[in-house]
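Pasting a structure here, questions to come.
Just so it is clear, A, B, C and D label the chains in written order, and each chain counts residues from 1 on its own.
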Amino acid sequence: MKKLFAVALGILTAIGGFVDIGDLVTNAVVGSRFGLGLAWVVLVGVVGICVYAQMSGRVAAVSGRATFEIIRERLGPRAGLANLAASFLINLLTVTAEIGGVALALQLATSVDPMWWIPVAAFGVWIVIWRARFDLLENVTGLLGLTLIVFAVALFMLSPDWGSLADQALRPGPPADEPVATYWFYAIALFGAAMTPYEVFFFSSGAIEEKWTEKDLAKSRLNVLVGFPLGGLLSIAIAGCAAVVLLPASIDVTSLSQVVLPVAEAGGKVALSFAIVGILAATFGAALETTLSSGYTLAQYFGWSWGKFRRPARAARFHLAMIVCILVAVAILATGVDPILVTEYSVVFSAVALPLTYLPILIIANDREYMGDKVNGRGMNLVGTIYLVIILVAATAAIPLLIVTGAGA
Amino acid sequence: MNDESAQRMPRPDPRAPRGRVLDAHLHLLDRQVLDRDGTPVTTIDDLELDGIELGARIEPGSPAPSVAAILTGPQLLMRIFGGHAPAARRISIPWKLVASVGTTVRLGVGADSLDASWVERWVSRHIIGRIPGGRHDPE
Amino acid sequence: MILSDLLGSDALEADGRRVGGVVDVRLEISGAPAQLLAETVVTGVLVSPRSRVSTWGYERRGENGPVVIARLQRWLHRGSFLVSWDDVELVDEGRVVFRDGYERHDPMLPPAPKT
Amino acid sequence: MARVATSVAVVAVVALAAALTGCASAASTLNDATGQGLAAVQTAALVVEQELDDRTFPTTATATLGDARRELVAASTAASETDVTASSDAELREAVLEALDEGLRAVNDARDAMAGLGSLEATLPSLEQAAEQLEDLEAQASTAAQTAAASTAGAGAEPSAGAEVGRA
């Protein structure tokens, strides 16, 4: 049990990145339209986020500096501000979506209209951030989020034709009835979701909240190697379930209620209750992750006092910023906008935020003044540089593809 | 490169440094400032240098300029958008309060005694401190 | 004088010929002892012939990774040099003028202790 | 030189505008609406089956049927707002609207049954029937859309011919 709590930060970070409300639906959409034809993207994304989360965790543990501090320090105020604006908008849109997502998950459990749940969910997120210790927050949401493994179990219980699933996964490419641009739009959306910048902001700041030092480097590595592959596995399992049950019935996924259909099909009420608890924990955890990330990024850019290990009155602007974020999110949701749709547009801001986040991490991880002898090895630098190129290509392709495909419609 | 500059190839500085050497932009600008207890105060948005007079010829042998203060607040906007802030509007932390320079700049005083942290104090006193639980440790 | 006004200035020789941009200002913590830290004095300016900004410092430090970025930065800042403050004749808005017969020094920083 | 640049810019703007408005023909809009409706009806059928087998919670089933109804309403709106120019398109639109309506009625019946009015089992055949109809119509609409796309692609070539003139 203690071992499990030790990797809670990695699990929560990964759940927020891979199976938050937007991704839950996107994964099912992808499965219901392309089968496992995009599973390779998830693998590429998992390796990428492992490399960079490990780098940012190591920088935080060794130098005590969180990711947005080094972004400001290496990029200067202008490029740093561009990244801050883009990252902050991603965070804000995601907070909005997650609070809506918690409400949607509660609707599945109670059939009460989500509009009634939105204020409850928003207050819940705030009170946890205001009062709960960091380790309590990550242990509870991380552990409960693990119940999403039911999607992997369900995939086995459905006893699918493994041969044809493997065939879909091994022969990637758009199916005949889907346009090529749509295929690549979803490829970039999945890659962007895997590498979404708030994961490293949260992971590195979480490392400082937990007061990691050089002694905790092994722990950091374990967190990364358990958390993100698990996130990727869940992501593929959700797509797989949709591919087996929904694709043959020509059901294109548009809502959360369709995501859990295959689980109920496979395992009945028991499996369904696991899935609903998992989705609640995942969306709530992602709401905490993104709300905290918006506070972390602002505070670290401007040099404000931050951290949940301080009393709120000792990190006043940090807490005020998060309160404002939650209020704005509720205001956006009050207009009745579909929370899931909101996350699709954050792909646009990723185009700015992704390269401007990962470049400074790579540079600082090589700086002996920060890292002493714990600088990157050659292999790490090689992989890091290759991923920087992939990120640049994906980032520049994101906006044209978004326009051409009408957000994958 | 022409011949003249080729003759002036960089040579090592003959004068050995007498203290810690650092570059202002590379090692100081945009770095985090921490107070005596390690609480973040601000970032170094700019530095004020004493002893440089614009447009005046520097007599050989005159004393070298020195770092006078860390600038913050409106100075950040000046660096992003350009322009000059009137000297009266500057928020500064005197350099003589700096205790050590590393990947962060450590001050020898508490944050509460500084002008640079008045916004933090105001928000803390008037908003965050008034919400129930704001002055307690998280549970 | 504000540091960022100095950064990016044109670096000129006494006869008005432009030799590059001022990318940084070299400091030394070596002045008169004060309460906490010795006075921090300006000892020189760093000039890059083809650029006005250098934020990563690859051309003045021994850092070599990641190779692609290090090479690119060294190439961009090739021919960078340090001019001692004693060789600075005049500082004006947007320009720094060196004395006649000023010397160009190696811009390398001594290895700093890890903090 | 400037004229070439201008005409290239004009072509780019036209292409972008075409992409943004989707240059959607009536048939392809109807095709999308049918697909959306089919997905909703199939979802409803699946969740009704699960409820009858006691494999899902009534709350989840109700929420799912609510989502399906919303999708069907959206599909109907999209179909009824489609501008048609050919009589074949008009016929297709009427058929699609009718099938969507039947699906909507079946989903509403299922929701009523969940609330205790009428039998849930009785809604299953009508859901399946609506699904079959929509499946047939989707096939029809998709063929029509492909024909329409082929003819607009020919029309889309004209602006680039204009660019050639500008260069000369």
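One rule holds for everything that comes next: a residue touches a chain if its C-beta (ideal position, glycine included) is under 8 Å from a C-beta of that chain, and two chains touch if they have at least 3 such contacts.
Quick caveat, the model's predicted, so the values are computed rather than measured.
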item: Cα-centroid distance, subunit B relative to subunit D, in whole angstrom; value: 60
item: Between subunit A and subunit B, centroid-to-centroid distance (C-alpha), Å; value: 36
item: Centre-of-Cα separation between subunit C and subunit A, whole angstrom; value: 42
item: Averaged-CA centre spacing for the pair subunit C and subunit B, given as whole angstrom; value: 17
item: Subunit A: positions in contact with at least two other chains; value: 76, 369-370
item: Overlap residues in subunit B, where contacts from two or more other chains coincide; value: 29, 79, 103
item: Where subunit C touches two or more other chains, by residue; value: 55-56, 112, 115
item: Topology of the chain contact graph, where touching chains are joined (line, ring, star, complete, other); value: other
item: Listing of all chain pairs that touch each other, if any do; value: A-B, A-C, A-D, B-C
item: Complex contacts: residues of subunit A adjacent to subunit D; value: 107-111, 245, 249-255, 257-258, 260-261, 264-265, 268-269, 272-273, 276, 403-404, 406, 409
item: For the subunit C and subunit A complex, residues of the former touching the latter; value: 55-56, 62-69, 111-112, 114-115
item: In the complex, subunit A residues that touch subunit C; value: 74-76, 362-363, 366-372, 375-376, 378, 381-382, 384-385
item: Residue ranges of subunit B in contact with subunit C within the complex; value: 1, 5, 8-13, 15, 17-29, 46-58, 60-61, 64-67, 71, 75, 78-79, 95-103, 108
item: In the complex, subunit B residues that touch subunit A; value: 29-33, 39-43, 45, 72, 76, 79-80, 103-104, 111, 119-121, 123-124, 127-129, 131, 133-139
